[in-house]
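In the two assemblies presented below, subunit A is common to both, partnered first by subunit B and then by subunit C.
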Partner chain A sequence: MKRILVACGNGIATSTVVAIKIREKCEDNGVSVSVTQCKLLEVESKVDDYDLLVTTGKYAGGTVKIPVVGAISLLTGYGEEETLEEILNYVK
Partner chain B sequence: MQIIYNVFNTIMAAGAVVMLPIIITIIGLIFGVKLSKAFRSGLIIGIGFAGINLVINLMKSNLGPAAQAMVKNFGIKLDILDVGWGAIAAVTWSSPIIAILIFCILATNIIMLVLKATDTLDVDIWNYHHMAIVGIMVYFVTKSIPLGIAATVVMAIITFKLSDWTAPLVEEYFGIPGVSLPTMSALSSIIIAAPLNWLLDRIPGINKIDFEMKDAKKYLGFFGEPMIMGLILGCGIGVLAKYPVSQILALGVNMAAVMILIPKMTSLFMEGLMPISEAAKKFTKEKFKGRKFLIGLDAAVVVGNPDVITTSLIVIPLTILLAAVLPGNRVLPFADLAVVTFRVALVVALTRGNLFKNIIMGLICTGAILLAGTATAPILTELATSVGLNLSTDGSLISSFAATSLTVSFLVYKAFVSNLFISMPILVVVIGGTWIFMSKVTQKRNEILAKKAVNSELIQ
Partner chain C sequence: MSELVFNESLIVKLEGLSTNEEALSLMADHLYDKGYVKESYKDAILNRESEFPTGLFTGAINVAIPHADVNFVKEASIAVGILKNPIKFRAMDDPDKEIEVRLIIMLALKEAHGHIQMLQKVVSLIKNQDSIKEILSTDDLKKSYEIISKYLL
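Then we have the complex of A and B:
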């Protein structure tokens, strides 16, 4: 099972939306994942335990060794499917 | 009639945990969400409220006495607890008039879009709480529903206009085009920062200062980790309260727990509101097909910027010091130190990342929040108690860095609870004047951009 870290400004609002959408997408495709939310400020201390980092908005700080996907489209609704497919490809 | 009255009274008496599932189910149904889904949403939000109540109690029973002891020992009078924006949002969503206010905000947005008075399409229902709380506080003080609605509509108009005006900053500085941020917790700082930035740029000497702090993250990084910050603050307050060592450590761990648990509970609110938000998004997108919008998003999408993080890591400890020395302040900053990033995000964009100006203006913004938070704490505490947060055990007060602590929200609230014959004309003139001024600035900006585009075409 792949582990996904979803990070946003306060680890509450937008990351909840993104996390729920990722969980639904993976469930629909029969992929089991564990999704954890956190604040962007905590990414560096937590990211080592995960396989994929998904952020809302742009994440430019720090050195992250795992793949990073920007998921602003899951909030605006434009290009939502493409982003979900991209995430799915990483965790298959 | 009597039966309806009795049912209503029974529900009201049961408090927010019962009110919330019912209100949210109704709002969901109106937006076309299926009954089963709408009810689940409502129930999740009710659970969130119960959870927040537990954590606030843990916080108050631990931190309350320590803060009182600190007052006695050192005369540091910080006896208003900052319980965080999540708890205040919970209070907001539990108000009996919240359903009306949500639809008034959405209606305001749609009418402004139709009249082309705004470009921001804001269906981020979650952040409506920033606009709604002002109306709820006004209603709580004046007992007038029309005044409450009017206050919320004014907040909505200000929110959408500030979002329009700051959208170029979001595009240029944060690199996110087509998006605006109708999140008052971020927007509010701009009304202090914009004039101040203009002023600082015109003071010889000061307008040249800038410095960098590459190591801010290395040395101050723990201010960005809520649990470590909770532990350190808890222990620090325990020391100032002259507690024995065992109790100092216990306070530290309990406060770390509060810092982690409050967001967990608040995210239940978000989870419950999501189906409604999605339904509203679908509805408005179909209604305005083909029109180009700024999509209104939570400001959470920009606070990951490295300059915003660096500024916050420096402003957070300085805000704690400021709270202790600022005359008139009684708010003990705590839970909302974790979201200082939102309060400084647009300041950072405005100065294009000038760290010197960011720190000065960031501190002035948090200072204003502390003072407004102190001024409105008694009413906010009364309101929170009335919807069922268990607070009134020892008469101490609560506040936060959100709600009417935010500068814009505070001013609108004050305008609506003062003598309306004096405050309303002032409010109209200020908003109207700013609107005219900003449309001229925007027009000029567009002309310059158009000229640049023409020039670059000529060169090619």
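Then we have the complex of A and C:
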């Protein structure tokens, strides 16, 4: 099961919305994932335990070895489906 | 899981302001005056905005969703700021990009990964440009409240 880390500024608002949408998309497609939320500042210390990083804000920390997907589209609606498909492709 | 407080008295019409700091300060003061947030909430909002901006570029009318950590909040609530003239915010996904915002939805959240339904409702409002236009087109706060309530309550 792939592990997704969802990060935003405070780790409480936009990451919550994104986490839900990711879980729904994966469930609809029969893919098991674990989704964890955190603050952008915590990413560097946590990222090694995950397979995919999804952010709404800009991640400006060190380089990460896993794929990173920007998910602002899940808040504004523009390009939302494409972003969800991209995330799904990384974890299925 | 408790829901967020939102009512007509939490809609603020802002005009004659030039910076987002001014708008955010006014709205944070409003939440503080009503007893929903601690005194430290305002600084937390301003600090968060400067480090991790909350401007959302939606294409037509842009929205900002400022919020801070749960420990600054006494009672979960939402304040909505309607800007008469657009104010520059930086974009959440690209902090070097400035966008003009006319609607501010300030979130005072009490639970770290809660308020799921309310947050989803906020996002559904953000995505609906027609409703946002309607909210901004009227001077009647009661009308604005009705439109916003359709989405948030």
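The definition used in the following text is that the second predicted complex is superposed on the first by the 92 of 92 C-alpha atoms of A that agree within 3 Å, B and C clash if a C-alpha of one lies under 4 Å from a C-alpha of the other, contacts with A are read in each partner's own complex, and residues count from 1 in each chain.
In this text, contacts are C-beta pairs under 8 Å (C-beta built on N, C-alpha and C of every residue); 3 or more make two chains touch, one makes a residue touch a chain.
Note that this is a predicted model, so its numbers are computed, not measured.
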item: Fit or clash - subunit C, subunit B, common subunit A; value: clash
item: Contacts of A:Tyr59 with subunit B and subunit C, given as first, second, both or neither; value: first
item: Partner chain(s) touched by A:Val69 [first = subunit B, second = subunit C, both, neither]; value: neither
item: Which of subunit B and subunit C A:Val6 touches, first, second, both or neither; value: neither
item: Contacts of A:Glu42 with subunit B and subunit C, given as first, second, both or neither; value: first
item: First (subunit B), second (subunit C), both or neither touched by A:Thr14; value: both
item: Touched partner set for A:Ile87, first subunit B, second subunit C, both or neither; value: neither
item: Subunit C versus subunit B, contacts on subunit A by residue; value: B
item: Listed stretches 93-101, 201-209 or 417-425 of subunit B, narrowed to the one that overlaps subunit C; value: 93-101
item: Where subunit A meets both subunit C and subunit B, residue numbers; value: 8-14, 16-17, 20, 37, 40, 56-58, 72, 75-78
item: Contact set on subunit B toward subunit A in their complex; value: 86, 126-127, 174-176, 178-179, 217, 221, 224-226, 263, 266-267, 270-271, 274, 277, 281, 285, 295, 297-306, 309, 312, 338-339, 341-342
item: Residue ranges of subunit A in contact with subunit C within the complex; value: 8-14, 16-17, 19-20, 37, 40, 56-58, 70, 72, 74-78
item: Contact footprint of subunit B on subunit A as seen in their complex; value: 7-17, 20, 37, 39-42, 44-45, 55-61, 72, 75-78
item: Residue ranges of subunit C touching subunit A (in the complex, touch as defined); value: 48, 51-54, 56-59, 65, 67-70, 92-95, 107, 109, 111-116, 119-120, 123, 126-127
